[in-house]
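In what follows, chain A forms one complex with chain B and a second complex with chain C.
And now, the complex of A and B:
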């Protein structure tokens, strides 16, 4: 066997994850063993999506699929070993990180999503927990179990995607057509969470998520998002005014102006006006000081 | 802008005025074009071949299966006591399929995949994916190793899931008049044979792109109703064209242009001329080169391998006998007994008399 499974590190609904070693290179790897016996419909959709998209995406900021093999009627995905994720880091009160660290994580995340979007793929589940960290401090976008290819103009999509707190307003409204902009929204929320060190818009349920979102960022109107009021759930909404620049500055005290601009670009209500990955990457935030930290220097966050 | 250079990045000692706003392009700076992206796709990396390559692959699959069949046949003959006539019959009727025969049988069943998918009212993309999956499976595997009949439903079912068109296996089995077990039996083998490459770039999206761009480039000169008719006709033709080998040799936009050319040569020629000559040409594409590629693609599309049912039956029977020589022998023995018994009647009649 080329790969050894050494320790079980996680178990999800459709897979068990082990840490192991690739014998020929002696490098650490993770093996995601897809449970097949439990699925009466054959290969599970999430597994199919994961294989389908990881096979295409080859980028320093996207988890890399090293190999796939079958053993004992199970499908095994061999992935690079990623010891931590941003959720762990955000929650660990013993870890202090700098504005440069946040900038580096945002830059790597946006580079990854830019590549994903250029390949016509929507991730549809971005959250700190799915932004993994490699032993050399790199961000790796992971978990493509909800991903899909950008649909044709006549295809409809399910709005029941993305973990609630990171869900874009068009999804909250139940839109059947949406674009890459939903992923950018999620990254905007993650950006806020990195600065605040707590979840930015933690709704209790789907209804409260709308309430929380619009209270913080203003209820969209037909003026800046034409026909938004034609969504069925719109007329039940309380209309909040958008926050002033000052309110933002107060909420994100340490953030420079350029960071707030970028965040505003990503958290624009109207998905057509929301910044795309290129606009985000060209934001002044990334070129002004402080420079993004060198991932190599951020490795100490990974020590237990 | 801050004037103090951070201590940690003291690498630009040779530059007099470090300017953090416009970073230098790194030495390995490269613009990744859409063509580069396509070359990174698994469709290109694993499933694009020259015609010779493809033929070679099919020959290899065929000879691997043939070898196994011949070994089995030797064992069979060694284990049985056969008359000279019976040996003669096995060596003439139970012979492995040639690569060409295999291909004919595969093409026949690929047509079935298409018809069944359409009969099940599946979206066009699902049908297209099923066709492509099925054909690819039989590049890696021989019909002498896997009965193509057994993969038809498996392929369509996996195509549904891969194209995000989920149907439970039970309701699929009901609609397809098959069983859960039969559908799932080779699902893993299929996935493995596809080299885990599931994302297919079908020509339907480029068709939509060209459809919009043609109207843009030839505005005022195209009739919208006419364009609509062409669009629908092209979509149908794309599905049909996937039955040939074009996807291994051409990119999706090349296939799309070939199909558009078949549908309205005058219009597309005009579009390409405006697009790729003169001032409009910012694409660095040579029109004559492009036309040569599109035309060779068009030729392949216009010469599909339509296999009559009768031919397929003959090949399928041969395939069956070579794998089950005893059936052939028994059939022969029965026939001979029959002949003998027709020679017997006088005696029998005598007895009954």
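And now, the complex of A and C:
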């Protein structure tokens, strides 16, 4: 057989993940064995979405789907082996990372999401835990279990997507039509988390998430987001003013002005005005000093 | 685990030629007449289920692709066909993101078949059978999700119409023709946008319009031979099986056109010699195990890849390791 499963490394709702080896190349790979029997609705949607989108996306900052195989009547997805993720790095207090490292991770994440959006796909679950790190220090966007193709104008979408802390305001309001802007918001929150090394907007439930988000970033009004007040849940909100530039500087004390501009662009309340991936990638933050670290130099984080 | 278990590597081929389809079906369909009859019943069942559940045309189209594709590599069994059809519809809902509760799809489908003894136990057993088939359907498609993903016939009828600045009556007629096209094996042979354009061309000609904007169409970058293939397939269907078509009973209300076999014979006459995709010689098809050998689902590891490059790389690595072992 071409693939061997050597060690179980994780188990999710719809799959068990093993580390293994591809025999013809002798390279390490990850095998996601899909649990087909445990679902009352047959093959899980997450598995279908994962295959559907990874088959089409090929980019250095997006996880590669190497192969699909059936063995003993089980469906297996062979993915590139990625030993760590940004959540592990952020939480590990023994790891010290530099502004250049943060810049490199942001750059790689934005390049990956730019490619995903350019192919009309919404990821809908960006968080540090889904930004994996390859043995050579590259960020790879993973977990396409909630992804979907950009819908037609008449199609409605569920707002129950994205892990709560990384959920954009339009999702918190229950919007049924949204765009790539929801992914950019998540990256903005991840950017803040990389600088603070603690989750930026940790709501305890869906209601408190609105409170936490708007207290930190200001409650949107019709002036800067026309008709936001027509969302049913808007009336119950307390109106907080947006933070001043000084307040923002105090929160992210070590961040240069260009980083704050980029974060502001990504965390703009109005999704129509929020920066898209091209605008983010063209931010001054990426061209001014310090330069983004070389991923090769950052692979030491994986060994610690 | 033994190192010597059998493995198979298959390269996806989402579309086959007409002769390849016929050759593959030789292994799976023993009585073509019964298969065709059942296919029409299944078509009706799926249409009615979709209508009751308010599912769009793309869901029906994808389910019919799955149903026909399944029978290229799995034996046709009369008793199984309705269960298979329901399984295809459930999978199709997942594929095109028009999600419905599995219970709703199953009960609607069973009720339409006049199965009234619907207790929980019966339903659970039915679902169990459906889910067993699900993976087999995907295997028939080589897990190739690129197909039936973003391109659907009805949507492309509208897109082409807008792009070519056609009147909406052409789109409406083409949309009905495209429904009839779903009854054909054309779905297995050419991509959906080609069928959309062929339906549009037939509608254009049936309405007596001239000057088909071929120059503009050439800029779309479509394989015109694939469009021709679909065009002649659809016209031949109307000529050979006019009684089975839905067009004759569902003409657009505003339209004054009359359709008959003669109208299609006239179109065929004007179109000239039948040209379409280049056919592969029978000897080559017979020598191609992907088509001519029945699928062996007993093979322990069945791998599915989409890229020729992956296949070539693997063959290279395999040969290299064999050489070094020697």
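By our rule, the second predicted complex is superposed on the first by the 302 of 304 C-alpha atoms of A that agree within 3 Å, B and C clash if a C-alpha of one lies under 4 Å from a C-alpha of the other, contacts with A are read in each partner's own complex, and residues count from 1 in each chain.
Rule of thumb we're sticking to: a residue touches a chain if its C-beta (ideal position, glycine included) is under 8 Å from a C-beta of that chain, and two chains touch if they have at least 3 such contacts.
Fair warning: this is a prediction, and the values are worked out from it, not measured in the lab.
Asks: Should chain B and chain C be called a clash or a fit once both complexes are overlaid on chain A?
Replies: clash
Asks: Which partner chains sit in contact with A:55 here, chain B, chain C, both or neither? Use first/second/both/neither.
Replies: both
Asks: According to the stated criteria, A:288 is in contact with first (chain B), second (chain C), both, or neither; which is it?
Replies: A:288 sits against chain B, while chain C stays out of touch.
Asks: So, A:71: does it touch chain B (first), chain C (second), both, or neither?
Replies: Only chain C is touched by A:71; chain B is not.
Asks: After lining up the shared chain so the two structures overlap, which partner does A:148 touch, if you call chain B first and chain C second: first, second, both or neither?
Replies: After superposition on chain A, A:148 lies in contact with both partners, chain B and chain C.
Asks: Answer with first, second, both or neither: which of chain B and chain C does A:45 touch in the superposed model?
Replies: both
Asks: Which of 114-122, 222-230 or 312-320 in chain C clashes with chain B after superposition?
Replies: For chain C, the listed stretch overlapping chain B after superposition is 222-230.
Asks: Show which residues of chain A both chain B and chain C reach, each in its own complex.
Replies: 36, 40-43, 45, 48, 51-52, 55-56, 68, 70, 73, 75, 148-149, 152
Asks: Inside the complex, what are the residues of chain A that reach chain B?
Replies: For this pair, the touching residues of chain A are 36, 40-43, 45, 48, 51-53, 55-56, 58, 68, 70, 73, 75, 118-119, 148-149, 152-153, 287-291, 294, 297.
Asks: In the complex, go through chain C and note every residue touching chain A.
Replies: Going by the criterion above, the answer is residues 1, 3, 5, 7, 9, 90-91, 94-95, 97, 99, 101-102, 127, 130-131, 134-135, 138-139, 143-146, 149-150, 155, 300-306, 310, 314, 317-318, 321.
Asks: Under the stated contact criterion, what part of chain A meets chain C in this complex?
Replies: Going through chain A, the ones touching chain C are 1-4, 24-25, 36, 39-43, 45, 48, 51-52, 55-56, 67-73, 75, 120, 148-149, 151-152.
Asks: For chain B, which residues are in contact with chain A within the complex?
Replies: 1-2, 6, 8-9, 20-23, 32, 37, 40-42, 157-158, 161-162, 164, 166, 168-170, 180, 183-184, 187-188, 191-192, 196-199, 204-205, 208
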